[in-house]
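Per-chain residue numbering starts at 1, and chain names A, B, C and D are given in the order in which the chains are listed.
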Amino acid sequence: MITAFIKRKERKTPTVETIYFEWDSGILPGQFVMIWVPGVGEIPMSISHIGREKAFTVKNYGPTSAAIQALSPGDRIFFRGPYGRPFQTVSGRILLIGGGSGMASLHPLINNSSFGLVAARSKEEILFADEFTDENLIITTDDGSEGIKGNVIEGLKKIDLKKFDMIYACGPEVMLYNAYLYFRKIGVNAQLSLERTMKCGIGICDSCSIGGFQLCRDGPVFFMNELEEMQEFGNFKLTYSGKRVKI
Amino acid sequence: MKDSSLKTEIASLKLENPHILASGILDENGYTMKKILEEGAAAVVTKSIGMDERNGYQAPVIADAPAGLINAIGLANPGIESFGDEIAIAKGSNRPVIGSIFASTVEEFANLAIRMQKYRVDAIELNLSCPHVKGFGSEVGSDPDLVEQIVNELKLKVPVPIFAKLTPNVTNILDIAKAAHKADALVLINTVRAIRIDIHARMPVLSNIYGGLSGPAIKPIGLRAVYDVYRETGFNIIGVGGIETHEDAVEYIMAGARAVQIGTALMTKGRKIFGELNSNLLQFMEREGYSSIDDMVGIGVVK
Amino acid sequence: MKDSSLKTEIASLKLENPHILASGILDENGYTMKKILEEGAAAVVTKSIGMDERNGYQAPVIADAPAGLINAIGLANPGIESFGDEIAIAKGSNRPVIGSIFASTVEEFANLAIRMQKYRVDAIELNLSCPHVKGFGSEVGSDPDLVEQIVNELKLKVPVPIFAKLTPNVTNILDIAKAAHKADALVLINTVRAIRIDIHARMPVLSNIYGGLSGPAIKPIGLRAVYDVYRETGFNIIGVGGIETHEDAVEYIMAGARAVQIGTALMTKGRKIFGELNSNLLQFMEREGYSSIDDMVGIGVVK
Amino acid sequence: MITAFIKRKERKTPTVETIYFEWDSGILPGQFVMIWVPGVGEIPMSISHIGREKAFTVKNYGPTSAAIQALSPGDRIFFRGPYGRPFQTVSGRILLIGGGSGMASLHPLINNSSFGLVAARSKEEILFADEFTDENLIITTDDGSEGIKGNVIEGLKKIDLKKFDMIYACGPEVMLYNAYLYFRKIGVNAQLSLERTMKCGIGICDSCSIGGFQLCRDGPVFFMNELEEMQEFGNFKLTYSGKRVKI
């Protein structure tokens, strides 16, 4: 288990915080760690800031993420990693599509010229939109409280996808699956970072698997052609017990 | 150099090679099992399945250990009712699927075995050895009388081969092996009871406190069990514990195993390990002049 | 940052630090023991000594293992008669020398203890746990009644502290620990029964076939034993098994050990390990705010 | 355990053979391996030839060395190592003093200008003397069948030790102890390679110890000043059981 101390925290939305810490490790965009809150639980978390100063950006979903947000500067954090196959970076114009806390894993890819499509439930939950220039940003909210009302697809329709050298997306599987179908229709390449239940993070427990691939190890980032052969993508997943359910 | 064959047999179960995926590792999802069979595993053992759905323990469910791993997944499983789909998907590969089951009574074991058989598994493995769940596994598996009753009852009730997986966490594994003598094969060994404490968190890492140690660290312990039981009984044995290379597999085979299972090495080597083991083992056999696995079984045992 | 002290006590035995040389490693020759005490060990435990001279097994007496070592020295020792000189030489260091003894009967244990005491050892450690010699060690140490008789008899016969060293090769170490409750401390654990086969020689490496696994590989197993026994009994415990760094030592202490022993790490780190452990442990304690070893004993145990 | 195949063997004396094998490992002069003959035993053995082709030079003492000599070209050998602190090499004139099979560990040090003092029981047992030039060689035999009759000290008296930049010696402990006393009297530096019972070869069993040092790890090569503080050198040793006996 690696330990580090929290340096500072930044509240990003009513439910999301960025937590900074010092960790001397070479992380690539899209990689994650398993964060342990002793006595509470252990969950996967993308490294949202990969420079000399590292950070993760955590949304308060349930017990473990709440316990992480309850920590203060100076407190110790525990984690293992980095894990996972990172995003493949390209030179040229890139489009980043993030749904909810999915923006966290895309954050290291943001640069001067990157274009952002940021989706959120409502205005308050918009994450990292301020890091894009106004002309390079589209926002969608479910309730229409900011930007386009509707889901990510409504935003995608406003963009000429062909002008990008690579598209990166991260968010809930339903969103990603619909985006995937749209990309396929348009005929563009993309890298999608998925989420599944994770227990081990190192490719042995099978809880994160999708169509025979282990998301924690073969992913979390997958290319379009890989997603093509994953029978379960957007379709089925296993619960914490291993029970097969419809997504 | 001569032509060698990797084929082996355990009771009536015919295997293309001696390398089987161990229970509990990448075998909860049918698609994963199918992929691993396509990668070259001769067979897969499913995750241990019980009567009812269980979430198992809260993460952390694994902790690191020198040359190994400690796990306390806690027998998470969807319950026998829901597991038929996964077996059906895995069987799409046309290679054997071995159904692992756990229970605390003879009746439940019988019930599970009958249902596994209906799912058309090729053999049934009895988990008499999980070291970290109260009332199951090694608590059952360290009582020779109970082991004997379970094995004997299952041999009466189901026609598919029955494998009994034993725990090394006992004073004398031979007593348990002998109690299970009606099984078609013994699977040796499950994990070794272990703990990991985080000195900064000042508490055990696993949410369940205790877990089972696997990986290379336990290879010498597994070999001892296989060697002992083979020498004293000559039973069919499937060796498991810390196998990462074809040399490790050969060590188990020479100690008396007719096949081996691979678990934790999936973490260090990934799914491609099965293909590597197959080609490296074949090369070894050709170089050293063994024409079959059978030629090597038990030859390292000093009588 | 505050001033921390490495001092610890086991029963009436006062130690400058918690790091003791384990029995059987560099402790047959008095000059070696003296040198190791000078390097910073708080105490040394001698090689296990029996009534008569024994050559032990023919080499090979060691075999490699992942993150560990398998040994079958076979209780080689010069016999109690000849061992006084070595103790006298070692005691030239003015640090405690703990005499380890092995025997197969209560009478022999008593006899050996009385003679050890005459050599002025500071405590006596009972080897109830060597896993590779028939009739001694773990054959004795897995019988709770015999363990109880031996410990009780020795507590009557000799005034120096009695430490009972137990084997992990049992179904339930707690039963044995409870049987040894009159001992001043329990030493947990001895090596784990193991085998190594050389696949080119096609036979076991050790001339004795079986040996005992030590080193980092068994650390999670030793920790489990310490944790269990401490939680259930609160006895004085000396932890041993796979300690190489001060973090390992702290892990044992937080699991309930008041001191630790170091063996196989002498192979990987050399004699200088004692100095390193002392300075690294002190730094750790100061950084983390522990003023004494006592502050850390058992704090990793979840009640 | 490392394995290799015997390439060829050379009989050196009625009791000594050099056995060649291929082993891709960087060995330094004075280092040794533990050779295992399955079913017989395991013993320490110096690597006498450290070039691309390796060899050891073994004397038939007892069961294990006899079993090694019984092997044929093509047979497999088993060993672990290399172990031990090697001789420290120097530039300049060197003197090599070997008693019996002790010459084996000195062999890698022999060069064009090295001077040899080769001691043996009798003429037949003289080892590697032919690798020194005639003017750089003194032979002593216990029975006088060749060279000077007497032990190594008789030979040493014929040599101006001060003209050497380093002296290397290997042989039975009694010989080495007497040589050590003589060097001390004359006031020259030297490196002595000792022998003791060895069981583990890796510094944990204590069977090879001498004055608190482990010969297998701190040695087998020791300098004069190190020998000075070893109370047991030339004096006491422990037997296979660990019993202290006079040397």
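Rule of thumb we're sticking to: a contact is a pair of C-beta atoms (placed from the backbone, for glycine too) under 8 Å apart; a residue touches a chain by one contact, two chains touch by 3 or more.
Here the structure is a predicted model, which is why all the values come from computation and not from measurement.
Distance from the chain A centre to the chain D centre is 66 Å, each centre being the mean of its Cα atoms.
Between the CA-based centres of chain A and chain C the separation comes to 50 Å, rounded to the whole angstrom.
Averaged C-alpha coordinates put the centre of chain A at 36 Å from the centre of chain B.
Between chain B and chain C the centroid-to-centroid distance comes to 33 Å (mean Cα coordinates, whole Å).
For chain C, the set of residues that touch two or more other chains comprises 198, 200, 203. Looking at chain D, no residue sits in touch with two or more other chains.
If each chain is drawn as a node and touching chains are joined, the picture is a simple open line.
The complete set of chain-chain contacts reads A-B, B-C, C-D. Chain B contributes residues 65-68, 70, 142, 169-171, 192-200, 202-204, 209-210, 213, 215-221, 223-224, 227, 242, 247, 250-251, 254-255, 288, 299-300, 302 to its touches with chain C in the complex. Note for the complex: chain A touches chain B at residues 1, 3, 34, 36, 38-39, 41-43, 76, 78, 80, 198-200, 202-207, 209-214, 217, 231-232, 238-244.
Interface residues of chain C facing chain D in the complex, by the touch rule stated above, are 25-29, 31-32, 34-35, 47, 53-56, 58-64, 69, 71, 73, 76-79, 82, 85-86, 198, 200-201, 203, 205, 207, 263-264, 266-267, 270.
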